[in-house]
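Letters are used for the chains, namely A, B, C and D, taken in the order the chains are written, and counting of residues starts over at 1 for each.
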Amino acid sequence: MSFKPRGFVSVIGPSYAKVSDPLYVFARELGRALVDHGFVIYSGGKRGIMEAVFRGARESEHYFFGATIGILPDSDRHSANRYTDISVPTGIGYARNSIVAHSADVVIALGGGSGTLSEIAFAWQFGKKIIAIDTFDGWAKELSGLKLDKRRRDKILKASDIETVIKHLEKLFPQNKK
Amino acid sequence: MSFKPRGFVSVIGPSYAKVSDPLYVFARELGRALVDHGFVIYSGGKRGIMEAVFRGARESEHYFFGATIGILPDSDRHSANRYTDISVPTGIGYARNSIVAHSADVVIALGGGSGTLSEIAFAWQFGKKIIAIDTFDGWAKELSGLKLDKRRRDKILKASDIETVIKHLEKLFPQNKK
Amino acid sequence: MSFKPRGFVSVIGPSYAKVSDPLYVFARELGRALVDHGFVIYSGGKRGIMEAVFRGARESEHYFFGATIGILPDSDRHSANRYTDISVPTGIGYARNSIVAHSADVVIALGGGSGTLSEIAFAWQFGKKIIAIDTFDGWAKELSGLKLDKRRRDKILKASDIETVIKHLEKLFPQNKK
Amino acid sequence: MSFKPRGFVSVIGPSYAKVSDPLYVFARELGRALVDHGFVIYSGGKRGIMEAVFRGARESEHYFFGATIGILPDSDRHSANRYTDISVPTGIGYARNSIVAHSADVVIALGGGSGTLSEIAFAWQFGKKIIAIDTFDGWAKELSGLKLDKRRRDKILKASDIETVIKHLEKLFPQNKK
């Protein structure tokens, strides 16, 4: 019988954050919390936030194989960060941002330059629920609480801490008696 | 001997604008002006702004075959709008937005929901000069005059009318004695 | 600590095989055997052989979550077959065949019409080891034991039964004392 | 009023052929003949056969701008060969082979290693008419006159010289009184 994850989320954010950056620290804790709550995580599979969130996932005591899936721009499966369980070397460059957005039920954004912005835009266009962390400078903060256009009635959800992210997710992925 | 266009531009904007909309009217005039000045135009090849700009291109008295190139999300070459000279049916869905951004030297944005936003974000990430029309509501207006992140020193150029667009282009594509 | 699969393989074959077809039966046993030996399996995530091999994977008593990864042509994550653990809805249509080839260390082909042929061609071009089952009609049989061009010195490996597939894999993924 | 090309073809073949190779010479003459007869040509936009066919196109006395369209694997529009009128830098690597196949009504193949093989396979899968030159070693020769699978009733057309290619095209693109 198959283990059934609670849900599938994509985490998007800049590739340049370093281990000691508050943004990296936050993403790492986020990764741990997501796996603690039974979520599988997709990301772009490279450095910075993508590494941080997978690293945190591996540190969760509820970590399970398959929890971290890297959707890479590169064609080399070994170019994923070392915390990646499943490497998907698309070979299609930044066009892979659309796959990161398509893959998950919910997209969580933090920090963010133009790369992250394209992913938030795709996620909105594809009808994905988006949770934007408003604690760090970047497009996630700028767009939190807003609508990107009129095609949807809802807004980008806002969260300032991991507890709120999890609360949003618990509403979006309801479960019996948990 | 080969005819040499003055330059290659991509025009991006919403697919829902109708023939009588000010946005459509503007894009149609823009298409004409671009071809008048010797530019080849890439767009997403579908309706709305993509149709308007190609339609205007065909109306230019300097129109030449090859002036309108539609980078389609679909896999059917006949799904381009009727003003498309060269159809490129990518079959890769919205991931084709990255190709629209890669193809041109300069990207011109007007109006714009989340689809246009992803293209502006890609254009910035790929180092393309961007001219944003600030006359109509949408992401082009919101972002005109701004930087999307710190990777570039320049800003998104602003234009309120077609004359200014052409002035920007003349600076970006200098020519002897013209 | 992370569980480490023995290796990553892609299985390619036609989408039209039905449950009682010898080809389906073979692919299902193959899926089971692959997971029995600790391999993670990528496929196109749809019906026929792609379903069979994932179904077999789930039936293995060594089945683990993450063993079946569907690289879908569609943009909808729920369009994968029901035995798919990790859905990767690329949204890029048949261009996703290149991702199926990039993703694995070794590609196993069986049966096969033109779709499978494009995947075998990509796998060869990308330098992947290929094992072709020569028991069933189709491109896998036609090409087993051959070279596709001069860029490589090796040949497409041939196998007539699952035992031989596993033997090939054990050579390609050597392990201490197993 | 828009010039209307007689039709749109893709030419596929190996990237390694050199100027004096019979294969290159043939492709160059083919390019000239195609433009002489009013066809627009898509190719992968790189070296070898892709260069030869575009070079010939430019040498036709009926050459018109827009006759040569390079669907590049790269993301840089300037990476096309110098005979390319319209550069489409897809940035999606070898996945662009599917776009080359989608773009044309008819695909002409010559020579050919595994890259060309993936394009022939896609062309067949996408229902495109295929003309394979059987004069030079490679997959085009191997597959000329054959069916790739049962999904189609027709076969890959065979041609040994340029005259025959043009005859096939004239049948496929009938014209009044020409």
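To be clear about the criterion, a contact is a pair of C-beta atoms (placed from the backbone, for glycine too) under 8 Å apart; a residue touches a chain by one contact, two chains touch by 3 or more.
Computed from a predicted model, the values in this text were never measured in an experiment.
Participant: Specify the chain most distant from subunit A by Cα centroid.
Facilitator: D
Participant: Based only on mean CA positions, could you tell me how far subunit C sits from subunit D in angstrom?
Facilitator: 31
Participant: With chain centres taken as the means of their Cα atoms, state the distance from subunit A to subunit C in Å.
Facilitator: Going by mean C-alpha positions, subunit A sits 28 Å from subunit C.
Participant: Centre to centre, by mean C-alpha position, how many angstrom separate subunit A and subunit D?
Facilitator: Between these chains, centre-to-centre, one finds 42 Å.
Participant: Of all residues in subunit A, which are in touch with two or more distinct other chains?
Facilitator: Only 75, 91-95, 98-99, 126 qualify.
Participant: Assign the assembly's chain-to-chain touch graph to one of these shapes: line, ring, star, complete, other.
Facilitator: Contact map by chain: complete.
Participant: Please name which positions on subunit B make contact with subunit C in the complex.
Facilitator: Interface residues on the subunit B side: 75, 91-95.
Participant: Spell out the residues on subunit A that touch subunit C in their complex, using ranges where they run on.
Facilitator: Against subunit C, the touching part of subunit A is residues 2-3, 5, 8, 40, 58, 63-66, 69, 71, 75-77, 85-92, 95, 98-99, 102-105, 126.
Participant: Going by the contact rule at the top, pick out the subunit A residues touching subunit B in the complex.
Facilitator: For subunit A paired with subunit B, touching residues are 92-99, 113-115, 117-118, 121-122, 124-126, 138-139, 148-151.
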